[in-house]
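Both complexes below contain chain A, partnered by chain B and then by chain C.
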Partner chain A sequence: MSFRSREFFAFALLVSLCACKREQRIFDPGSAASQPAGATPLTEVGAGTSPPPGNRPNAIAESAYAVGEGKRLYQAYNCVGCHANGGGAIGPALMDSEWIYGSSLEQIHSTIVQGRPNGMPSFAGKIPDYQVWEIAAYVRSMSGQLPSDVAPSRSDHMPMVVPEQSRPKEHPGAEHPQPVITEPQR
Partner chain B sequence: MTLSFRIRCATYLTGVCLLSCGCHTKPSPVQNLAAGQVRPIAQINDSDDGEWHRATKDFANRRYSQLDQINSNNVSRLRVAFTFSTGVAHGQEAAPIVANKTMYLATPWPNILYALDLTKPGAPIKWKYEPHPSPSSKGEACCDSVTRGAVFDNGKIIFSTLDGYTIALDAESGKELWKTRLADFTKGETITMAPMVVHDHVYIGNSGGEFGVRGWLASLDAKDGKLLWKAYSTGPDSEVRIGPRFKPFYANDKGSDLGVKTWPPDAWKTGGGTVWGFLSYDPTLNLIYYGTANPGPWNYVQRPGDNKWTAGMFARDADTGEAVWFYQMSPHDLYDWDGVNEDVLVDLPLNGTTRKVLLRPDRNGYLYTIDRASGQVLSANPYAFINTTSGVDLKTGALQHIPDKAPRVGQVVRNICPVAPGAKDWQPSSFSPQTGLLYIPHQNMCMDEELMAANYIPGTPYIGASVQYYSGPGGHMGELTAWDPIAGKPAWVIKDKYPIWSGTVSTAGGLVFFGTMDGWFKAADAKTGTILWQFKTDSGVIGQPITYRGPDGKQYIAVLSGIGGWPGSIVAAKLDTRDGTAGNGWGKALPNIRNEVTAGGTLYVFSLP
Partner chain C sequence: MNEQHVVIAEESYTTTSDAERAAQLAKVWAEPSGFLGWFKAVHHTTIGKRYMVTAFGFFLAAGLLAGAMRLQLAFPEAHIMSPDLYNQVFTMHGSVMMFLFAVPMMFEALSVYFVPLMVGTRNIAFPRLNAFSYYLFLFAGLMLFAFFFVNSGPDRGWFSYVPLSGPDYAPGKRADIWAQLITFTEISGLCVAVEVIVTVFKLRAPGMSLNRIPIFVWGEVVTSFMVIFAMPGVVVASTMLLLDRTASTQFFNPAVGGDVLLFQHLFWWFGHPEVYIIFIPGTAIVSTIAATFSRRHVFGYMALVLSLIATGFIAFGLWVHHMFATGIPQMSEGFFTAASMMIAIPAGTQIFCWLATILTGKVVLKTPMWWVLGFFFVFIIGGMTGIFVASVPVDLQVHDTYFVVAHFHYVLIGGAVFPMFGAFAYWFPKLTGRMLSEMLGLWSFWLFTIGFNITFFPMHILGLRGMPRRVYTYPADAGWTALNQIESVGYIFLFLGVAVFLYNVWHSLRRGEMAPANPWQAGGLEWATASPPATYNFLNMPTVNGSEPLWDALPDQPVVSGMHEDVREIVTTRILDAEPEGRDEMPGPTAWPFIAAVVTTALFIGSIFRPIAVSIGAIPLAIALIGWFWPTREESQRRARRNIWEQS
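Entry: the complex of A and B
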């Protein structure tokens, strides 16, 4: 094997390793109905405890296929009727940096399952849990939170908004807190 | 000359007029009708009590006041008398109500009802009533959590909450007299309309045409809030209250159970036809008039048939609710053209005889003149730019569609005019018998649309269409058209950058008042359309201006400022206009409005010094 072909093989292996999550199909989606969202905190303040955990890596949020499914389901379950294509309508915009009930994957999942008191209906028991995760991952792509090779590209429908993969990454405040400054800095 | 050709001519003339006018404060007279020409129309006028008991002022829906202390000669000296913050920063679409030296204000959700004491300096709060409606109902309201106000009747103030209650309060003390739940917001039904009261009947309809609800108009007994009858807009004749007295003018509306047969099986149960506009009442015929909203879903491919009795108008017996006639402006509606726009009752000299007609500036862009006893359409002329239909066939009453402009599934159809919010949405016109003109606040807009499958999930939107709006010919989005109903064409037009989403009020002082979405409240000369006075409020004006005589004998003009409603939700709900479909189509039309206007909720009351 020549040096050149070995180099090519190593490169191909690297590419395939990088791409494997993006192309991953999740064949065991888990239980059918959406699960209770459990103890996902919506606030940044935990009484007497350390801050709640941030965004956990999730195979669904790294799979272009799953996020593409999320986009399809976002339409099919009428999310689009209230949140439009990210700009919001009856419900708030999802492509900006303002997140009332949290921007993490777990928090979005909780919001879909539990509903929220200012108008968001609860979809508990109505959507298979893995589909809720797919929708949640797609919602994160709307504000540029997913890598561009995972977020959906240009759609075949009426052009109305920049494709998710080309959107600037917004910075929801709670996800990117600055350290608290206690000492004079100069 | 065919009818459609005549309509095209009228459209062309309107177009010429619009193009020839650059500045939005300068009205443009229309060819062959000199601006300033006045054709007074005799009306049977009750003497004006100087109060404002219902949104429409009178039963004829004219919004005309005989007060003339403020007039075209002195209006330039108008200044703020007092203000009041409603404390709610959403769309203020309500008309202030004035009765017995008190002003009543209904706010958007949380639907607070304020009574202000007009006898004291600064009009302090006399009492307030907080119904605490469910916050979840906000997610079931298509177009901001608005209300169009309260009504005063016989010592009571009556209004509805977004979550579906109608409430009567003692107007003096604010004490709750009765509270009746009519609409189920958990299925998408809300109430946004201002109630109308005739002879102890309180008429209320539901909203929720974008949620697959079934539309109805209910009558409650004003004494105790008990339901007297409910007339549905779809379904079997018995539930639509169609019986032996039903005599529609056109063949298309004749037959049994058309509210079922003109739908695919069971589709009428989620078919819309909600009732959320303003009612009119003719005491001599004892008929109430109102329109029904769009059929659901917007994707018409899913509901073949005429979809009766949506996107049309009913004349009903005011007491029994029996349907007397119906006319469908937009059968098998393709564009979300609710038929809820107001019917203004006037007795019009036409071809030598006085006809009892109603004037209806419909969402589909035609100004209908309809015989209000029989339901016959006497004329239908475009009052806005239209390229989707070529006219109305007066023999059959049918709207003539241009097939190229019909939306399609999975395909974008561009430059559809008027838009889904119509040539005019809810914003009410006024009629001045002094000038004989109807003052119509409306849109000049077009849209791109693509249809997709709509899934019915109770409590969520049932639409199946992707839309984005933009300005129509001339580049402006709003117009105030002074319509001459005898000539069948505009006398003058005022253009505005944004849709004119406020109502109008006209006065015997020769004035028309209206507001703009960028916050100006203006007075125009009713004869010429010249802007005589304007004032910049703290937010956008989308409310219903009124005028009244205060306890001190002075005339006042009042309006709520506070952007919101369908287009204004871009500001009130902080929508992101990088998405052209934000606000169900308004993102593309109003990309910068959040940089120009902020949300608020303030009453402004003006008087002469």
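Entry: the complex of A and C
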């Protein structure tokens, strides 16, 4: 009996050791209106900017759910309009390794909140703070900076190849109209 | 009624030579002992008992999850559980009940234990495969609960529809874990299906022609065929889901020509027959118990067998009635409504055969018979609401409401859990050698039946009032509070009913009255051997003279002789008339199935995180399978000697 219970505790210990934050979900971070991302005063512009005083929710960068939400918000707040799906258009690409204003979560957070020269507007007071963190985490995932079991999977609407079914119709020679035989041959 | 003329049970050794033979057989068929022996066991009674205990454990766990849900729903605007935890809990409840309890208990556990006994042979066909299937089933459950305890329980419902469970909308690994759970349990079900079919078609006792096979065995054979045709559908669906999520395939992505409804078609191609896979063994149990406790052969044996087979066929023609709300063409809706109504014909035939059996017999009201009567009451109500939801206009109104929840709990608990408790009450003496208490049995029956109806009947009304299923809470002014509170009180009765049953089992295992070989004076072959049966099942392999072998036996019913008793030898018979055809040898105990199951488990769990795990895991799996099938010299030589054609 004691053998079995020891085995059980060993198993329980093993299970609790591998408990992960990946599946943590925060459902009630406060209402969107009450916690808008605050505008911190602009100081200097550059990659070396010190991160804003830490109110960083640690769980967000490690939670698959939060990153998935960030992906959805990235579409919803029209980040796509300038950055496309990470490839860049009017704004810089987000899926490469070049970071003008820093690649850490905090730095991306301040970039979104404060805005940056040459077109990046400030979203201070427009997006709830926890959502900014989620978007920032998703932005990091685009350049592969999050573990693969946290990063969101592909989007269903972004085909990687042209599917066979959506090719334009081809007209091989054999499809040209054939002469119709009206009388049966005898 | 003759008793034990056919087979000599252990108590009735008449000669010293019988006792010597019993000792010899016990030595040859011995199960290995000790801690390591546990992993080597291959006898169907050992594996069958493990299946029962494990599946019942999962039943209790999923029942506790149901209790958590009833607690959450007992109060409006409750926040006992977060919505996220609630999603996991209802998904776990459904998945565990369907994949880890209902099918393993009604099909795998009962058929592994009883089919070889009922057809009069010494072990199930492919016993090592049988052990392998059990370990896979066990590991599937352990994996699921381990992930649940680290906050990674599946949370997309027990059928995990895409796109909600697809790569775009289900972050994390929860949906992958659900998909691999399915693969595990279905492989284990397929293994048992193959074993049962071969056991019944090739290993029946001489004389047990097709029209003498016990109804229960018929039920499990029909179920096996259904498993073979249905389960690949869901294995394919879950594997495609997993590939979509981890390996960037696009099976279910409409943007590139994939199809979201394909998942539902594949799932319900399995999912609807699944309901009958659960229910057919239940009806077969009802036929068995009704015949024994009415003290007569079952009325309309042929009609019953044919309706089992008809149910098996028609079950594959109505899966679309789960998809009436997906916008399929009206022609399909009409066709599948008609097909759904048609299943009432074989179901009705069975019910009238049981009624005729009971009305024309001399009924003995013991606990198993009470469970059968409870089955009639509950299952027929479930069948009635089935007619509601099979009709498209009504279904569109009640789709995804508590009405559907009420319907499927009436058919599943009525069709599977009531017969299962009846089966436990009926076969417990055979399983353990001890009798259950009648009084406690009646207490658990009445508590369970009353609790069941209090819990699930109000759900019909709640559904008609518009309460959707799977909501984690509801507003106080929705008018749903009182009925939800009644349901939660009903859960307490259900809980007590199961608790009394467990106490009954525990008490009877310690101090229960010893059971004779055939305490109910029943007619099946399983009652012809000792309780519990020895590892060789029968001292003399029996022959059969009717559909209830013990009732129909001649005063001098012959037994099979001329078997080698120094090896694990069995008789094989022809499919139709069960004429003896030859002898074959059963493989002995080995740990290889366990090792293969461990490796398979590692491969499956690894593939949740990295697709390459399939390729890497294939190497140790191949090694395990080579070890499993490595031939031994003596065995091959014996096999060659038995083969009369090769010798000449």
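The rule we apply is simple: the second predicted complex is superposed on the first by the 109 of 186 C-alpha atoms of A that agree within 3 Å, B and C clash if a C-alpha of one lies under 4 Å from a C-alpha of the other, contacts with A are read in each partner's own complex, and residues count from 1 in each chain.
Operating definition for what follows: a contact is a pair of C-beta atoms (placed from the backbone, for glycine too) under 8 Å apart; a residue touches a chain by one contact, two chains touch by 3 or more.
Quick caveat, the model's predicted, so the values are computed rather than measured.
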Inset, instruction - For A:Ala124, decide between first (touching chain B), second (touching chain C), both and neither. - result: neither
Inset, instruction - Examine A:Arg25 and indicate which partner it touches, taking first as chain B and second as chain C; both and neither are also allowed. - result: second
Inset, instruction - Once the structures are superposed on A, label A:His157 by its partner contacts, choosing first (chain B), second (chain C), both or neither. - result: both
Inset, instruction - Using the superposition on chain A described above, determine whether A:Leu73 touches chain B (first), chain C (second), both, or neither. - result: neither
Inset, instruction - Mind working out whether A:Glu98 is in touch with chain B, chain C, both or neither, as first, second, both or neither? - result: first
Inset, instruction - Based on the superposed arrangement, let me know which partner A:Cys82 touches: chain B (first), chain C (second), both, or neither? - result: first
Inset, instruction - Using the superposition described at the top, list the residues of chain A that contact chain B and also contact chain C. - result: 157-158, 160-161
Legend entry - chain A-touching residues of chain B, taken from the complex the two chains share: 135-142, 210, 410, 412, 448-450, 452, 455, 457, 459-463, 466, 468, 569, 573-584, 587-588
Legend entry - Residues of chain C that touch chain A when the two form their complex: 82-84, 146, 149-152, 163, 166-169, 171-174, 245, 248, 250, 253-257, 609
Inset, instruction - Write out the stretch or stretches of chain A touching chain B in their complex. - result: 75-78, 80-82, 84-93, 95-96, 98, 115, 117-121, 126, 157-158, 160-162
Inset, instruction - Enumerate the contact residues on chain A facing chain C in the complex. - result: 15-16, 18-20, 22-25, 27, 64-65, 67-68, 149-150, 152-161, 163-166
